[in-house]
Every structure is written in structure tokens, then in C-alpha cells.
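Below, subunit A partners subunit B and then partners subunit C, in two separate complexes.
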Partner chain A sequence: MPRPAGSAAGRLARKLWRIATANITIEAGIVLFLLVVAVAVFAPLIATHDPLDQDLFERLGTPSTEHWLGTDSFGRDIFSRIVFGARISLVIGLSAVLTAMVVGSFLGVLSGYLGGWVDQLVGQATNILLAFPSLILGLMVVAFLGPSMINLIAAIALATVPQFVRVARAPTVALRDRDYIQACRALGFSPLRTMLRHVLPNIWPEILVMATLWLATAIRVEASLAFIGLGVKPPTPTWGGMIREGFENILTSLWLAIFPSLAILVVVFALNLIGDGLRDALDPRLRKDE
Partner chain B sequence: MTPPAPRGPLLEGFNLTKTFEARRRMGAPRARVHALDDVSLTVAYRETLGLVGESGCGKSTAGRTLLRLLEPDAGSIWFDGEDITHAVPRHMRALRKRLQIIFQDPYASLDPRMTVYETLAEVLRVHNVCPRREIPARVAELLDTVGLPPSAAGRYPHAFSGGQRQRIGIARSLSVAPDLIVADEAVSALDVSIQAQILELLARLREKRGLSYLFISHDLGVVRYFCQRAVVMYLGRIVESGPVAALFDAPLHPYTRMLRQASPVPDPVQARATVQVTGEVPSPLAPPPGCHFHPRCPLATAICRQERPAMRDAGGGRLVACHLYREEGKEGQASFS
Partner chain C sequence: MSFRTTVFATACLAAAFTQAQPATAAEKVLRVGMATGDIGKIDPHLAAGTQDKVVVGWLFNGLVRVKPGEATPKFIEPDLAESWTSSPDGLSWTFHLRHGVQCHQGYGEFTAEDVVYSLQRAADPNRSAYSSDYKAIKAITAIDKYTVQIDYSEHVPSVLGFLINFQGGNMVCKAAAEKMGADFTKHPIGTGPFQFKEYAPQQELVLEANPAYYEGRPKIDRIEYRFIPATAARDLAFEKGEIDIDYGQTDKTWYSRITKLPHTKVVAVEPTELYTVHINESHPPLDNLKVRQAIAYAVPRDALVKYRGEEVTRAAKSVVPVGYLGETDATPLFPYDPAKAKALLKEAGYPNGIKLKVVQTSLGTMRDTMEVLQGQLRKVGIDLDLQIVEHATFHAQIRKDMSDLVLYAAARYPIADTYLSQFYDSAATVGTPGAVANFSHCNVADAEIRAARTETDPQKQLALWATAQKKIIENVCSVPVYELFNVWAISDRVKLGYELHGALSQGIPIIPATTIE
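So, the complex of A and B:
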């Protein structure tokens, strides 16, 4: 059947929609994740209190109609802090993973397509980074550069880059000797054009799956860094930082640590649902594309 | 079907050698496959040169090396009087406007994620073949040239049959208006009836555009029909070359004879092969010494096992690399008939 060429963006949107609705796992994950995103975006409307407002008469308050999830040791509203904390988690997580995805995928495709010394160099650098657990690597970078938003993003991105290098390189190597990639050389296309226009569009499903799974990890790493005191500086509410503060009163006020933990759990769970669902939807290659 | 007479060389390979490193087992010495062993061949202007041989003999490697899709280990490549063996990438990319390839597998040679229009338009844009606004018209013209309807432009490769895809591949090669096309088993993957159509298309393009072809095939019948001259390869070496009629009607090399007798004859009354193809092709990892063909050759003598036969002029534009060939050239043939 004839199919209109359509714009590249239109086709990508349609393809994304088809993948997003491929199975119930993905749908559930996406709905849950979008809910969290909505909370972060509309935080000022959703929060019942100013997250920084201290009320020394209401310290360590139990959940009530006034403070839905109680108050912390400075009398700040936990619910409002969790709502605003979503912004930090998402901004850092998304920025870090997006950076890592762009840089890592490019390096992976470059290394797989060109081979030779480029491949050696990228491969060795990747192995060195992979030798460190992402938390340790993030910790070292933040300890070195100091805990600011940008440094946190850089640290988590650096720890995540090797994953994207690997996931982009393997299918590129497999594609390199396929006739239609060889045809690009025969047609006199530059290596850059071949990689961006012909290799990348054929391997991005793997990269997308990786991105959702590592977004969950990035958010966890950010929370972990905040927990050990290397997160965005207080009094800015971060989930990891709230757990740390709650930890100091864990015996008397359990909810202080529980509620922000639950927030992290929800986000990570949502992203893992999407990632696993995507892997199922894309892996068997049941359908010929388009 | 008689194109104008060839004049002068267009694409030449001199003493090309190409080896590939074989997968190494732990501790085993480094093994090399000799895909091309001192191969020289010439495609003249407006000539169609056939390159035949069994699979694995290095014909595809020869084609891709001549296009510098693979780099030769030794030897040189000349195109239109210019040494392109070491042409820098930028210059090579420009040369690719004049040197094209058609691949064997029409299912693997097109990007599955691009419509026919996008595939063709990209080539036109990259090489600035025509002003941007003329691209749609140019694409339609290309489709028409290869016998596809304009509606094909909006579709993806998977919507087409093998023959149609091969037409798209041909259109893509033609988009840059090349002088020479390497057809790497371009019709081997197609049904016989489709083969004829594609060959007819290639022949028409040859006449209209004055194209030269390096036509790589294992099908002697197709080569005989389509080419003016042919080169026969065996285990990385050229064993014989010459005009197709003489080459296949009165082969000088025992291997060419064996190939010819193994290829199916359409007329059942005509005598079947008196000599069957015997033996397997030896491993290219460890080709036999002397003449590579001696283990399978019914006429092999002591010298064949020791010395590589030199390429000798057999007159009438023919070359043969066989110790047994004498100027009269009748000795070997006698034992076959």
C-alpha cells in the first residue's frame, strides 16, 4: 500500500506512540512516571505549604489534616518538600541521562563504525569508567568538584556514559558490514552522515531502553549522594537529603524517612516498568519496521 | 545488444593483493586468507567485463577493492588515467560519483528506514547533482528510468519485491551519473524471469548512457550473454581471460573447461558434461603450492605442483595461466573431447 512520506518528526512521533502503547507494562509505567512529572511541574500548585517554611512549634509532627505527611525536625511540611523534591530528582536525573545518552551513543557509534585506534581509545576509557560503581564514581567527582546542581549532573552523566557507549557500539559493529551501510561508503557519504543518518536511526531502540533503565539508576544515585551529604545543598528539598534528616529521628518519627523513600520507590518502579516493557516490545523484533 | 567498441582503459587494477586475517584460535599461528593474489584486470571504456569463479574465489573482494571499499595490501588501482590507490577520502568521495556498485542482496542494500524518495534524494543532495528544487523531478525521472511508477517514491523498501528493490538499487547507483558500475552478483538473488528483466535494464542503460560494467557473477550463461570479455578467477588468482565467445567455447585453462561443463545447458540434446567437477575448492587459508588448481586438475603434472604458472598471451586478446598451454593450445583439450 502506498504510504505518504510524511515529515521525519511526524513519523518519529507515530513510531514512539506505537511503542508507548505496545504493552500494558509500558503504559502503566508511563502513566505513573507522567504523574510524577506533573507533580514536579505543578509543584507550587500542589504543595500545601512553602517547603522552606519552618515552624518551630510544629516540629516532628505526625501526619494530620494540616500536614498530610507530618513535619520534619524544623517543622517543615513533608508533603510539600516531597513535591518540590521531585523537581530536583527529575531535573538532575533527566539532564544527566540525556547528556550521557547523547555523548555515549555518539562515542559508541563512532567507535563501532570507525574501529581501529578510535575504538581502542574509547573502549579503554569505557572500561576504566565501568570499573567504578556509578555511586563511587559520582561520589569522587562531586567530592572533587563540590556539590552543585551542575556538578551532580556531570558526575552522574560521567558514571552513565559507558553504558551508552556499550549499548550503541555493539549494534553498530553488527551494522557496519551490512550492505546498506557499505552502500553509504560506495555512494560517497561522509562517515558522519553515515553514522547519524543511517546507523543511529537503526539502533536507537536499544538506546531508548537503556535510557529509561539508567534514568532510574541516575535518580537513585542522586538520592544516594544527597543521603551521604553530597547532594544539592540544604535547605533545598531533595529526597535523599530528606531521608538523611529523617534517619536522625528514625526511632521516634519513622515517617520522616519512609515517605521520601516511597517517592523514590515510585519513580524507580515506574521507570523500570517502562524499561522492561520496552525491552519486551522491541527485543523479539516481531514486526518489520514500518 | 552490441555496444560501441571499447576504447582505452577506464578502471584498472595492477597486481592487487588482499589478505584477510582469519579468526585465530588460541596459540595458533596467525592465518591469512589470500583473497586476491596478484590480480590485474582492466575494464575499458564502455566495456562490460565479466568476472567469474566459484564462491569464495575472491571475485567480490576484487570488485570492492577496485572501488576502494576495501584497501588493497599491495598493487595499484587506476581510474580514467589517474592513480586512485591512495586517493584521500575527500577526493575518493568525489570520485564515487563516477564509480558505483550494485549489490547482490536487494533486501540488505537499502536502508529499511528510508522511503525510496529519501534514499534517492539523499544521494542527489550529497553530491549536489541538481538544484534542490529539482530533486523531486529528478527522483521521478530516475524511477522512470528503472521502470518503477512515481508512486514508488513514498514507499519503504520492504513494500517491494526483490526485482523491484534491485531496480531501486540501480536507480540509486544511477543518481550520480556514474561512468562505471560494479555489479556484484547483481542478478544472482533473483528469479530467472526477473534476472532477464534486470539484465535487459542494465543493457539498455549501457547503450543509452555509455556505461561500463564490471559484472561479477558465478553464472557463466549470464556472463556469456551480457559481457564482452570475461576474467576467470580461482582461489584469488586469475587463471584465464578473453572475449566471452572464445573463452567459453574453447577454454584454454582446465578450470574454465570444468566450470563450463558444470554449468547447465539449456538444450538437453546437447552432450552433457563429459567431465564432472571433481573435488572441493581447497581452503583459501592454505592454498596448494604451484598452480592452485592442480589438486583438482585431471592433467596436472610435476611442474604444476611446484611452480606458479605465469600469465601468457594466447593471442586474440586472451590470457591464460597454465603450464600445459602451448602455442598450439591443443594438448590439454584433446583429453577432454
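So, the complex of A and C:
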């Protein structure tokens, strides 16, 4: 039965808080991730230099008090570039995963609930997309559309959509024949209303876990694409692009590739902590095993 | 397979290996590491990339040649032609060929027919990237098996210069080129000291000594030309002794690191490649002279040379590379003056700066250079939107007039005419039927460039070239940035057998006397 909106939002918030504080793994992951988000948001305040400003006489400088993490081959401050690079990684990663989550969950619930030819169509399309590893799929799309921020988001979203379709479809199929859903049908609720108000609220924990795990993958794919030269256009700093530039000077200036790699490591680690923690918190079977 | 058969087969194999071993050990193999993922076209009339030209230099001869180890016209000496004469008016030239020169892989003796075929091919825009150099040829006639006559419709700046073992002057063997057709780009047949053996895509190209070479069989038995695109990987291979010659990075970091290695000689080879930013005048706001001047004032030429390293770079002095016959610095290039650049943009009506779309290759040094320029131009309010594309796409797109600025790096036959005709004569404008490489749509010096081409008085010719350079610089058709040497690291085990100052092929010439210990 539908309830007043305010109370539903309150309930959701309380539930989220309960999940977020369910175990130390999630808490540690969230703190680490929020730290990275804060760095991205306050990048202009944190960065010590303009990330695009070249100093031709300060190239490949070792870490110093002036340049905390050294300078790259164009004499740009690496610390400031990593700080600003967080924005690109997060914006592309979050936008791509959000898009994939919305589109994928919608398609998954739709195909699970309606069944028949819709299910067939979505299922086949998903299988085709799943046949490609996400990096290869992203690579094909970017190579076809050309590298730009929007195209990167589209490419990574497309590569991630089938994961959400799958994770949304399976529980929907299980729910479809439950008594309360049957009751909704009997009461004459529209399929859309049933899906949004009665199916979705019951499957979102799975989707959330999937989202945190795939956010880590999305950030890695973005970095990989940038590494092979299909990232956001220069001179915009991106972590993957910085590793690529660093790789060219790896024999003389090791830190060029190491620092941006560490940045990716931290974010991916934080997101994996959240994902693992969420899975433990939301999976009753695992909870029982402990 | 029964046990006995297996034992027998193994024994045979073992025997075969023991037999083969001594021959392999005595073989002199030269391994060269090249900064490329693969070979492009090793047809001499089409080869444009350094990775291709280096190989062409080992496979082909010209009628005449620049002495191995040199890169300027004053070292021209006989090659496939032993001697030559010219008519009093200088329009008819007769070449007497060396007897008994053999084409690779049994394609027969190299004769006057091959010369006629080669030059006609080099002059044909459908089969040659250098056809514009041979436009003035009226007729090529084989007088007899060993005599060729070339008639010109007008005077050309350097008859011998375009018949050397460089670009269109390389001689191909007619029978092979006709038989192979398009495959010739991957399986070339010439008369040079080395011949094609095998090609493994994205791995290596193997050449073997030409046993019938007219100067004698080379001491090196085999050249393994390995494709290793990453500098770090190539350098490691060199340090570990897996390659003997390493194509370097024109950069002071690379230079200072490699020169410290033991048993290594680092060479910076002429000719340099001049890096020029061509400004497309057909795209507003670049039709405005003040905007073009602003770009010229915003390029810190001297700082860029220091950035790249003075050991491997020199500043551009004119729109023609330093040292080319006819090059002059009489008209100085625009100095670095960012304040003036900003003021000019404001005067032109762009107080908030301008944004330009630039198609840019992903290829190492060219991309680096453009990114540095992007950072420098940004300081005066010129924002470059770089569309980074793969190198072949870059070449296609800049010829479709898709870029506001075109950064082009090129070495040509060292006389002013080649550079001026290909980059600044309006007849060579991209998008026109005679298109070569005039990316700027420059047309201010057509009269001088064309008059100089047929001028017979050397003094008048120099004066015309000087005026052409003055007009092009003042009109800011382009901004010449710097010139980069080709740098190579060579192991001490390699004995070149000649003094190396330069090589038009941009590679390391391997002559019959070259050996490896």
C-alpha cells in the first residue's frame, strides 16, 4: 500500500544510514571515498599550482617543497594535476554508472516483470553486450565516436548497462509471482506503478552494491582508455593520461607514473571496501555464516 | 608415431641443429630498434615516415648519391650512373650507367629501361608522393642499354639533386615493380647493399646482404629491423644488448641518460626536421594578419629549444630549414613578446582571446611539441582545442583543410625551392588538384618561388628566394618553431666504416664496409 511521501523518504534515509554504519569495512570505505570526493570538489583550494601551467625550465623535477610530487615533462605540478584529475575520474565514473544504473535497472525490471518478447529482446541485447569485456566495449565506442567527456561517459555507461539489467531482472522474476504483486494486479494498478512502487523498493540493495563495485571498474576503464590515448583531450589532467605520460619517462622519473597510479589505487580500494561491506550487510546468508 | 620413429626424428633434428650452429654463429647480424609499431610503405616513391625512409636508404640507389655519412649536395658523387654530361643550355642531360648492376632476388641487370620506368613513376602523382619535383621533365629516353637522356622543359633548381638516392630519385627495378604492383610497398626490390628477406607485421623486417652488390657483398649478413614503439622498452633492449642501434628520442632527458651508458656512441644526424606551425588563413579569425602576428609573438622559440635540449635541437631561423641552399635569416622571425601578442588580439577585436580547433597526431614528438605550444599560447589567451588522432588520420584530415593550425615536421632535399614550393606556393594548397603541403593557403610569394625555380643566375636565384622568405614571414603564413635532429644510440661493436655527419634517409647508412664485432 502506498504511504505518504515524507515518511517514505525518512524511512529510506534511516535505512541507508543503518546500512552505511553496518560494519567497519563500509565505514572505512565511505570515509576514504568522501575524502577523495572532497579533494575533487575543493580542488581549486587544495591545488598548489594551476594544473595547466607549464614551466619549461622546471621539467621532470623531483618532489620538493615547491612541487610536492614533482613536475611532469611539461613542467606542470603533479600534485595539482592529481587533485584536478580526481574531478575527471569521479565525474566520468559517477555519471557513467548513474546512467547505467538508471537505464539498466529500468530495463531489467521491465523485462523481468513483463516477460515475453520484451524479456527476449532485452536478454539478447544484454548477452551481446556482455560478450565484450568492458574495456574492449568502451574502446570500440570511443574509437568510433572520438574521445570526449560525453563520449567517454556514454561508452562506459554502455559497457556497464548489462550488469544492471541482469542484477535487476533476476529478483524481479522472483517477485513477479509473489502474492502482494498479484494483489496489485488484482487491484488494477498499472504495470509502471507496480514496478516503481512495489518491485523496485525490494531490489535496490542489490543494485546499490552493484553500483559501488562498477563505479570502481568505471574509474579503471576511464584510466585505461586515457592510458592508451583515448581519454579526455589534453591538457585536461586525467590519472590515466598522467600514467601514460609518466610511462614515457619511467627510466628516469619513476614518480611520474607512480603517484597517479596510487590515486587510482586509493579510489578503487575505497569503493571495493564499500562494495564488500554492503554485500556482507545486505546478504542475510553471509550474515548468518559469520 | 612409434617410439622408434620418434627417437629417429629427434636424432635427425639434433643432427640438423649441430650442423646449422657454426653457420649461425659466424653470421653478422645487425639489430636496429625503431620507434614504430609497424612499417608503413617501403616503396621509395611513397615512403614518408622516418621508419620507412631509413629502410629505403639501405635498399635503393640513385643515379647519383650523396656520399655515405653526408647530407648536403656538395658531396654528390656517382652511383648507378658512372658519368654524365649536359647540353650547353642545361636542359638536356645524358647519364652513362654502370655495367653489370644487379636487381635484388634475380630480377636481372639494372639498365636504362629501369631508369626510364623509375623516373616516370616518380613523376606520376598516382604512384609517387614526390611527383612535383619532376614536373619539369619533358622526356626520358633510353638511348641504349646503358645510356639515358633526360630532357627538361625548363630549368630546375638542381638536376642532380633530384636524382640522388633520396625520395623520387631512388631507382626501382621495372620488372619487380610491375609484377608486384601494390605489394611493392611491402616487398620492395632495388639495387642497394641489402635486399628484402621477410616481414613480420608489427614485429620486424629482415633484410639480407645483396651478394651481387656493385660495391661488393656487405660484411653484415643480415639486418633485423625491429619495431619497438615505446622508448623505454627500446632503450632497455639496447642496454641489454638485444639491439645494436637504437632510434633515440629527440629530447635532452633521453640524450643525457643514454650518453652515460658504457660502449655507446650517440649521434645527432642531419638533416634536421623543421617543426612549423602552418596557420590556415582560410579559417577566420586567422584571415586577420593581427591574429596571425599574435600567434607568432606568443611562441617562445629559445625557451622551447632549451626545453628540448640544445644537444638535439636548434632554433628555426626562417621558414626554410637552416643550411638549405637559399635559406637566409635576413628577415628575422617574430621574437617572443606575450604582451604584444595580447595587445594584437585586442586590436583585432578579440580582447577575450580566441579558440582554435587543431587536428593533432598522437605521434610522440609532434604531440609533445603541440602540447607545449598549447600551454604557451594559452598564456596570451589563445585556446587550442586539440583533436588527437592517429597519425594516418592526421595526414588525411589536415589535407582536407580540417585544422586551423597544422604542426608539420619535415626534412626535404636541402635547397630552398623544395620547402618553398611544397609548403608556400599556392599551387600546392591543400584541397586543390596540385595539393602538396600548403596548409596555410599562403600565396604571397608565388611569383618569387616560381621565378627562382627556373632562374639560371645563382645570385638572382638567391635574391628571389630571400624575397620569398621575407614575404612569407611578414605575412605570417606559418610560425617556424625549432629543428630537431634524428638521434641514434650506436653500440661500440658496430664499425660504420665511414665518418657519420648526416644522412638524407635520416637513418644510419649501412655500407658494404660496415661491420659488427
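A few remarks follow.
Please note the rule applied: the second predicted complex is superposed on the first by the 278 of 290 C-alpha atoms of A that agree within 3 Å, B and C clash if a C-alpha of one lies under 4 Å from a C-alpha of the other, contacts with A are read in each partner's own complex, and residues count from 1 in each chain.
The definition used in the following text is that a residue touches a chain if its C-beta (ideal position, glycine included) is under 8 Å from a C-beta of that chain, and two chains touch if they have at least 3 such contacts.
What you are looking at is a predicted structure, and each value in this text was computed from that prediction instead of being measured.
In the superposition on chain A, contact of A:45 is made with neither subunit B nor subunit C.
In the superposed model, A:9 makes contact with neither subunit B nor subunit C.
Residue contacts after overlaying the shared chain place A:190 against subunit B, while subunit C stays out of touching range. Those residues of subunit A that touch subunit C in the shared complex are 52-54, 56-57, 59-60, 73-76, 146-147, 229, 233-235, 247-253. By the touch criterion given at the top, residues 230-232, 235-236, 253, 257, 300, 303-304, 306-307, 362, 364, 368, 371-372, 374-376, 378, 385-388 of subunit C touch subunit A in their complex.
Of all the residues in subunit B, the ones that touch subunit A in their complex are 67, 69, 92-97, 100-101, 103-105, 108-113, 115, 117-118, 122-123, 126-127, 151, 153-156, 158-159, 169, 172, 176.
Within the complex formed with subunit B, the subunit A residues making contact are 1-5, 178-180, 182-183, 185-190, 193, 197-198, 201-202, 288-290.
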